[in-house]
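Every chain is named by a letter (A, B and C) in the order it is written, and numbering of its residues begins at 1.
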Amino acid sequence: MKQKLIEVKNLKVYFKVKENIFSRVKDVHAVDDVSFTIYKGEKVGLVGESGCGKTTLGRALMGLTGITDGKIYYEGDDVSWLIRKRRLNDLYKKAQFIFQDPYSSLNPRFKIFTILERPLRNFYRMGKEERRAKIIKTAISVGLDEESLEKFPHEFSGGQRQRVVVARALISDPLFLIADEPTSSLDVSVQAKILKLLSDTISRMDLSLLFISHNLAVINQFCDKVIVMYLGKIVEIAGWSELFKNPLHYYTQALINAVPLKDVSVKKIDNVRLEGPLPSVIDPPKGCRLNTRCSLATEFCFEKEPPLLEVKKDHFVACHLYDKK
Amino acid sequence: MSNKSRARSELFTRIVKNKKLVISLVMVTILVMLAIFGPMFVPYGYEQMNTGERLAPPNQNNIFGTDHFGRDLFSRVVYGARYSLMISLLVVIFSNIIGITFGVSAGYIGGKFDIFAMRVIDIIFTVPWILIAILVAMSIGRGTQTVIIALSIVYSPQVARVIRGTTLSLKEKEFIEAGKISGEKSLSIIFRYILSNSLGPLIVQSTMVMAYTMLAEAALSYLGYGIAPPTPSWGLLLQDATRYYIKSSYLVYFPGAAIMFAVLSFSFLGDGLRDLLDPKFSPLG
Amino acid sequence: MDNKLSVKDLNVEFTTIKGKAKILRDVSFELKEHEMLGFAGESGCGKTMTSMSIIRLIPPPGKITRGSIIFEEKDLAQNSPREMVDIRGKKISIIFQEPLTALNPCYRVSWQLEEILKLHFPDMDKNERRKRTINILKNVGLSDIKKVLNSYPHQLSGGMRQRIVIAMAIICDPQIMIADEPTTALDVTIQAEILSLIKEIQEERKQLSVIFISHDINLLAERCDRIMIMYLGEILEVADSDDIINKPIHPYTRGLIGSTPRVSLSRKQFDFIKGELPSAYTDIEGCSFYNRCTEKDESCRQQKPELIDIGDGGKQHLVRCFKKK
């Protein structure tokens, strides 16, 4: 029986913005009423294009941004309350974050040893020797040798730095990793190594992973489950092979179609094209967010927002075309 | 060659190739040596009178000549180095303390606090520095401490602005957030993450403050708000010379040259360091 | 058939404090008439530097130390800056990765386009310029042209900006267009549109050949006629796109294709290339891929292999490898 690790219910993250001096303060609906579950040991891919809210969602789960409304449960405990109260240390012991740019996510003034030591010093009471042993063990598990610990980040290549970032995320023994485009700034050949590292680590330590990316090919080959977001909302959730075999939502179909050089097993869906510009995240359109760009949109799509429904086992989609009512 | 030793030899080459840096380092070393060891080797004490004929031009006995009390100018200039450097160093330290406190908190906390703190800084910046010095002198009288306090206040805005700038640009960097999720507290973030990565601009700014302070101290002492005689600050030496310089112009030249030498050396050092610490070349600043 | 561009033994060096970095080592290739040639490779391979050399915009302290770039019977490597001004934008144009920084934020779109015409066709009158400007925007698939012409770059979406950049590149009917990662900064769905647009333009204009640079080999394979694989400043393999993807010969090419994930309904083991890229400052006697190759032997270390045509049936397939004769 799969164990639930993370449960997100009706999460909303809105930011206040003023377009110019004369306008009123408006809300950017970065993450708008999002709900999903992540099970233990699952690698969940979160995919979407710019402005969809995937990065904001990842950061909200980590407490890096505030939450406007909704609940987040880690192993049954309500952490959204912790985030609101900024009692974040407890959250940081349960979840950790892997940033995108290995060149700016490591303090240039810290030796690798220090970078790995800080979380241990801040979260746990450990003797010096015990700490040192754990640091060495973690470094080796990500493929770094003991000598690297005495070096500084600028002495390493991008791929090696990302290994340090992974080590730092693992060292406090979290249950859950959030990786925000962890390989997007790396060369393809290096990307493969880091993905393998992540994959091995997740299975070895029985962790869950939320893998945020705009790269469908990586998500296709790496993740167990995929969540597709558009303009702050989840439009589809399915297991990886189910999603690419039977994409139900028009937007998912457009995304998959747009990927160059797919394997022949993945069918190209005809007549799926996104027309028109991306609507504003500040004043999202009434009804389904895709209505101005979807060629299958009906009148109803302009009136009511489609709920996210389970139309097949473990396959959720938010589209009126699949809503029996 | 290992990465580390390659980086070191690269650094060495960069330093050696930068002529301004090399010359200024030599000049500064001379100054520091003079300040520390000079007084041990001079022929006369700085208040020793009648070491030769009064108002004697440079001669065998007194290589820089003597002043109206017969005090040896050379000895006084050498002693002056010690005082000028020491005062400047203290001003650098205190202006940094004030400036960094304002700057980093303004940058880090942001919002209304930032606006308020920077307006205070702006006010200090706009008031003419002599006025600030006079105000301090009026409260606590003239003297070395007056100079130090006044100039520390006067130069703190520059430090504050530099630090606020680096804080703002670093605040957005991912390693700061990474630090936070590693459980780092705000104070740790400020010192270990922000300030330690702002050293470059800070060091350059500090050398400039050294240069400015030497000039300003000379001016203040000359005007009578600074150091009290008979302490031989270079500015005081200039003040002494005012009455006699028409006939004994050397009384102006030697202290003047000393001031110029000191100011230039720190100024060049600042320029040279700025080139060296160019962001293209990590790890400092 | 005459070649549009013929590069022979091109060598570019950067001289810094660290020494001499060989950025391009004996690069030789041909750009045929009316073809789309892809430059593939990872960071530091020299693909961008090759294109910069063609239009003579190599940033200092780099310079061409040897070789020729023959275009329209002249050697571009010998041209004076004055002569290059006549060529850039008019005969050979280039589009870059980030459309926002390629456009001048202070001027409207109409100005940006008309400036180019004023520079290269000083005798053209105002009406003719207007006509051409409007026409070219139609060619790149923009609608509501009057509005676009009057807009500033920041008022337009990323996809629209890139279309304008492309318009600027083809407004003078160039012979060669270089596209350097033109879609990397764009969303996946927009990327597909821009790629189609570039391919369309290349096919319509009989006098135009395109050099398309990308780190994503799948992207190149979908649209380019031929692909050239670069590594550490050298060309390792050149062949038709189909052959590169389906019958890659060089171990590096195979590693590159193996580590590039592809959307599929089956899972493939992530391939990766072991080892690290050597520094550009090192002089390599033998094969540049030696330290990472899994199929090497002693002779590979001592001598540098030549680029040899092993294609059969009239199709050219160049490989730089001793093992593949």
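The rule we apply is simple: a contact is a pair of C-beta atoms (placed from the backbone, for glycine too) under 8 Å apart; a residue touches a chain by one contact, two chains touch by 3 or more.
Source: prediction; values computed, not measured.
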B-C against A-C, pair bridged by the larger set of C-beta contacts: A-C
Most remote chain, CA-based centroid, reference being chain A: B
Between chain B and chain C, centroid-to-centroid distance (C-alpha), Å: 53
Inter-chain centre distance, chain A versus chain C - centres from mean C-alpha coordinates, in Å: 33
Interface hub residues of chain C, defined as touching at least two other chains: none
Interface residues, chain A side, partner chain C - complex: 49-50, 157, 159, 187-189, 191-193, 195-196, 199, 214-218, 220-222, 241, 244-245, 254-263, 265-266, 274, 277-278
Residue ranges of chain A in contact with chain B within the complex: 62-64, 88-89, 92, 96-97, 99-101, 104-110, 118-119, 121-123, 151-152, 154-155, 165, 168, 172
Contact set on chain B toward chain A in their complex: 3-4, 7, 173-175, 177-185, 192-193, 196-197, 282-283
Chain A-facing residues of chain C, complex: 42-43, 157-158, 187-189, 191-192, 195, 215-219, 221-223, 245, 255-256, 259-268, 270-273, 276-277
Chain B contact footprint on chain C (complex, rising order): 17-18
